[in-house]
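One chain, chain A, links the two complexes that follow: it is found with chain B in the first and with chain C in the second.
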Partner chain A sequence: MPDGLEVLVCVKRVPASGARVPLTPDGLHVDTRHLGFTIGPHEECAVEEAVRLVGEHGGRATVLAAGPPEVAEQLRYALAMGADRAVLVDTGSDELDPQATAAAIGQAVAELAAEKPPDLVLFGDSSADAGHFQVGVRVACGLGLPIVGGIKGVEVGDGVVRLRREVADGDERYVLPLPAAAGVREGLNLPRYPNLPGRLRAKKAAVHTIVARPEPGGLRTVRLRQPADEATGPVWLGRGAAAAPAVVDVLDELGVV
Partner chain B sequence: MLLIVLDGTEPAPGVLGLAQALGGPVHAVAFGRDDDAAAEIAAGLAKQGVGVLHTLRHPLLGDYGPEAYGEALAQLVGRLRPEGVLAAGTDHGTEILAHTAARTGLPLATNCLSVTGGPRWQLTRVRGGGMLLEDAELDAPVKLVTAAQGAEAPSETAVRQECTVEEFLPDLPQELARSAIVERTPRGGGLTLATAPVVVSGGRGVGSAEGYAVLEELAGLLGGVVGCSRVATNNGWRPHSDQVGLTGTKISPRLYVACGISGATQHWVGCMDSRAILAINTDPDAPLVQRATYAVVGDVHEVVPAIVAELHARGVHPDG
Partner chain C sequence: MSALPSRAEVVVIGAGIVGNSVAYHLAEAGWRDIVLLDKGPLPDPGGSTGHASNFIFPVDHSREITALTLDSMRQYEKLGTLTTCGGVEIARTPERVEELRRRLASATAWGVPSELVSAERVGQLMPFVNTDVVLAGFWTPSVAVVDPLQAGALMREQASAQGALTVSAGTEITAIHTEHGRVRGVATSRGDIATETVVICCGVWSPRIAELAGARLPLTPAVHQMIDVGPIPELAATGTEIAYPIIRDMDAMMYERQSGADLEIGSYAHRPILHEPEDIPSIEAAALSPTQLPFTHDDFDPQLEDALELFGQLLDTPGAGIRHAINGLLSLTPDGAPLLGPLPEVDGLWSAAAVWIKEGPGVGRMMAEWMTHGCTETDLHGADVARFYPHQRTRPFVRARANEGFNKTYGIVHPREQWASGRRQRLSPFFERERELGAEFFEVGGWERPQWYESNRDLLAEFGDRIPERPHEWDARWWSPVSNAEHLAMRERAAMIDLSAFAQFDVAGPGALGYLQELAMAQLDRPVGRLCYTPVLTPDGGFRSDLTVVRLGEDRFRVITGGADGARDAYWFRSHLPADGSVTFTDVTSGVCTLGLWGPRARDVLSAVTEDDVSGEAFAFGIAREIVVGEVPVLALRVSYVGDLGWELHAPFEQGRALWDAIAEAGARFGVVPAGIGVYGTTGRLEKGYRLMGAELDAEYDPVEAGLALPRVKAADFVGKQAYLAAREAGPAATLCTLTVDDHTSSAGIPRYPQGGEPILTPAGERITDRKGRGSFVTSAGAAPSLGSYLLMAYLPPEHAVEGTRLLVEYMAERYPVTVARAGRTPLFDPDDTRMKA
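And now, the complex of A and B:
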């Protein structure tokens, strides 16, 4: 690439939940009054990879997120990690169905591409909350870009991107001609923690906004609910080292020794 | 008519279960199989109540490629206009349906546990690997659905019938060759996290990379492997390939031993299908302790060596 790589990363603002995910009384949303927000683990790796690739090849890493204006918080986190530019796709809503999400992102990417088309578009394989496994594919398909998901290795060179994917029975390798897209998974890299200069730079950086009001798609959430929690408490086998004989009795019963 | 996408040479149990719940005639689709292979697959499908096997044939369907597979299936869907298309919620099953959805403009509901038919399908899908369930409504001329790992297998025995083979030749642009697999490396033999009968996992309570030595020893005695929580991966104590959880590996061993793991939801959804869980933790109120089958309150570095010593005292040795 003569003037470096133009990398675009799409991230989603998701609740950072602990051991149990609280819901609003109407069951339509996660109750986030007492929760923080974060970028999903797969997408954090996508940001790290974009920053790494631009460090290696030169160019620019742009991070993009669709949602309400609050997604600026996650965009600034990605800037603090080293992304160069942030784009907020203001959909006015914190949860769109996957077709609508893809339409909003697709519209924004097309607008950005009119100025300079991306060489590589990275997505998380699936979002950490809704987990629809399809927004990246829909966006890439709309833009005419090849995309493969489940990616745990990315190398760019000679006008192609080499992708490695782990599946149940082994590894698969793909070589896509650029421009291309990929859905990445945690384990691709170890995302950095933003340092202080990064955080200060991110705080002052401008966030470019594109407004999108996509039509809803055909999948509608009726309500969310907690899975039945059958936790009745464990059988207590004792405290400390003294519990060892009881533990080994159980291992014996379970047939694992 | 429902169209099911085969997972290899047969339908995934959850896919058949959803098809049975919806009712009506079932057809299946396979990619790039020759006549002999198709006849063999059809013979198996006949016993499962599948009436027609559609084989998609094209030079680009020789090895897996998400775009070529997704486009070929989209063309078959356009020809057959089934009421719905069901696939397994596996890496390839989900990806093929996502490409078909993108190319047809149809909505797609992934990871469904149950589906009720009608003009609009009412379904329950798994979010975040099992953290939450979502009741949703799918409204489309052709409904695209993937079955979650925990979707129920068919309850009744299917009525045996003839399964005929019909060939379909999609018209695929050569450019879709760009996303085909270029190389495949099978996983080496031996136990893996996904297949081991026992997994001994460590989290924050293990404290260091060196701290896992005693967990390795216990796993060795039980014929199992070592896993870890996300904290351990993030601290660089263990590689990501050892991570149990939503963004790591989902496991279902006979016994899961969780050492010093509090059990954030992201970890729980990765181990909740274990047949038994033994939690070792200093905090008796930790979520994973409360959800475990058995628990020991105590420090990992006191309890695990004592278990290893007790196993040795009872004559248990590696390979023995």
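And now, the complex of A and C:
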């Protein structure tokens, strides 16, 4: 069993769509037939941070995802980024609500803890599709760990984790005793791209599977609907020098001049 | 955005490299009121042009594709959008080394400077390659990368500057209006446009657009996987987009090219991943673009190992990651070639689809020529969209062939290689008998035709001493010495040959003669019962087709043409029908089967099964007559493509079996053998110097050059007549010659046999070109068992087209001495045709 820091990162398999999210005819799901899947940007940062922390302190970065067996694809992506171990919490093919997801993850973490409990559990602040901001907090509470969300800085040392969060006029800083949990945000770091040897390693790596069938929670999807079509595509600002004032206006609006 | 015009001379749909180029060349050719539409934004509307890897390797075994590519490179260069970087195709296996040697022959034949290089030299050209796994390389200094988006923008700009073009992005086609089978206009998301001409340049979406007009385009979108790995300091240090040659790792079916600080890796090795045109996401729903689909890692993982093995030095760089990975969509067709020209189903509807970046500008230029003059400078029979028979345009067939064809993209494909999928679609009534005889079936136009019969293997004992062995596996692949034995048995006794793949048309009505006269070069106003061979010319005097016309009655004709070109010919004839209804055109292919019977004993055999008089006096050469064979009414044609006495016997399809059995039974006594197309199409034909459409005959050569000019020019007007008269006046720039190979011995000490497509060189080893700039190459190659020689056909300029002239043929990077045995059409075998006319 490796010495050093035991970091656990929880990620979620989410569809990668363009500006318009296709829906199934019953309006209850995203139509994923022609979509790829990914993990959200917050979670990419969480994986990157875990790999960085283990690089710094030694130990092991474990990536965990709950969902159908296909989540192995996202786990291997995280392995290719440098995570050491992957845990697939197989919850079957049905979509889970946040309570059920948290229950499944909590059960799995408890199982893993029997071998070695995590020092630090990282979540994305919210998932890229549902955006409930619930699972991290629910899991942490279930495990009795302190958690802070919206985190853009993580440092570990002397039995504590120091967390930083950006607010309007500066930073908020938190010191949590380990073990602890955090919900992190995009901007925490610049996630690396998986390299080729990493990808090949990830392909061959074993994925540890834990089966969980949690009870459903209280949240139900009644219906999803498309927002009204917004005009997309390029906006014609003019031609040649005549376009200059319009360009300046746009840059001004964007706050870059 | 300006308003859409309500009328246009032509509407070009799709603003990728093809649509831009079509619009530009139409403007150059004088067209006005051109409207170019795309549903996507400009300059990158979201099709394959926007994500292609944009490199060009000019050498292809296809002359047509190479010509389009070379023209495209000239155009990209002129637009300032071409960067020459060179390219190396590498071999990791001995088989691939052989293929690279064959590639060298194609390079020389089509006039592209290339050379075979050692692994060490590959390492000098591209220093990051692990040369331990490289056996040899094929170096083409002119390989380049291009910017098709920029080229397209410049083309639009130039056409617009001429006042010829209106461009409308963000404009989706919702309908193509047709009336009485021709285009009347289009409906778009921004209004309707009345027009008589629509060009589909929509890449992977093309079938969907064609369907709006009720036409079918045999194309399927398919995935080509690409990744970008970087940043790589060694590449970043060059400070430029591309400073090193592009590597094609042919055996791994991959390529690697520098793209700024990244190495771009693409693959044709993964499983075929086909899509339906309807399932391509909309621009709004696509994460990247509609044709950049989510990358499927599992498909690409095996290729990563090949890439790492070859480029470990760069790909293992710390900090270099997979920054971009896509399943890019490209277009596949049943035979891998583009879909160009007028769609047979709807007048005024044109296709320019399934075109790669490397061919885009050249295709645009050819399309404009075609739409303006009705013919093209480059022969495009291999890309003509009219080449497909109905079953070849069905979805299941397209998918099956695309599945099979995808991994041939970088494959080693023998020129005679047969497809495994989509077979047994068109079966002659003789099929079961042929199967019982162990026929090896080759496909033409969807028909199964025996190439040779294993049942004839015993003939090798009889004729084997006259049949040289082919010790090299490549030369003997998809070939059998049995074929030559069948040939010799035919010349000695007789052979029966299944010719049911012929496409046959009945042309009738008061206007029939005039109509056919206008299409045929030969005089067709002959007595009833005469048959006539005639070239059919393009407007500029090249070969459109060559075929046989039988006058069945005063106003009734049968047109018989090859199975390979039947669909194109049917379209040509239909599209020239007079509008007044005075001619009816009926495709009777599926109602007629044909059995050829040739050889010195042919008359004995036929006499034994017919009560009709088939003597030389009663049934002369060049005559067609209805006779009865057994109980089968037969249209018998006294004609031959193999140069022996005999007939084509045309019978009702459902009585084909009875015809076969009658001839086979009567023939047994005379030692008649079934013979395959190896005899009909190659050995028998070559001995007689007969020309083949698509080999010797195509749009780039005229009848004077092919030796098929007739003694007199008929008074009646016909398509291509002016050009034909001019060609007669000017004399040939090249003459079709038959050459013998004087010594087949390779440096390895074994005999080698060129297979076709090889360059003919001067004794000093220089490439031969004629005054029109056309190179001399082998149009057909094959054994002449009765002459005891091996023959090549090639067009040679006058100074070389002299009998007895000694030249060289380059095959697999070696040179073999050849001699011009015949300049012109006089056969080497039985030059006076006494056997055929006996």
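As a convention for this text, the second predicted complex is superposed on the first by the 228 of 257 C-alpha atoms of A that agree within 3 Å, B and C clash if a C-alpha of one lies under 4 Å from a C-alpha of the other, contacts with A are read in each partner's own complex, and residues count from 1 in each chain.
In the analysis below, a residue touches a chain if its C-beta (ideal position, glycine included) is under 8 Å from a C-beta of that chain, and two chains touch if they have at least 3 such contacts.
Remember, it's a predicted structure, so these values are computed and weren't measured experimentally.
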Touching A:148, do we find chain B (first), chain C (second), both, or neither? first
If you stack the two complexes on chain A, which partner ends up touching A:206: first (chain B), second (chain C), both, or neither? neither
Output check: A:195 vs chain B and chain C. Expected answer is one of first, second, both, neither. What do you get? second
Classify the contacts of A:114 with the two partner chains as first (chain B alone), second (chain C alone), both, or neither. neither
Once the structures are superposed on A, label A:133 by its partner contacts, choosing first (chain B), second (chain C), both or neither. first
Name the contact category of A:173: first (chain B only), second (chain C only), both, or neither. first
Is A:254 contacted by the first partner chain B, the second partner chain C, both or neither? first
Comparison of chain B and chain C by chain A residues contacted: B
Footprint intersection on chain A (chain B / chain C) at 17-21, 233-234, 236
What does chain C use to touch chain A in their complex? 1, 41, 170, 229, 279-288, 293-298, 301, 304-305, 307-308, 315-316, 319-323
Per the touch rule, the chain B residues reaching chain A in their complex are 64, 66-67, 70, 90-92, 94-95, 98-99, 101-103, 105-111, 122, 126-140, 146, 178-187, 194, 197-198, 221-224, 230, 234, 236, 240-241, 243, 246-248, 254-255, 262-266, 268, 276-279, 287, 289-299, 302-303, 305-307, 309-311, 314, 316
Residues of chain A touching chain B in their complex? 17-21, 23, 30, 41-42, 97-99, 102, 128-134, 137-138, 140-142, 146-150, 165, 167-177, 185-187, 190, 217-227, 229, 231, 233-245, 247-248, 250-251, 254-257
Chain C partner, complex, touching residues on chain A are 16-22, 33-37, 73, 76-77, 192-200, 203, 232-234, 236
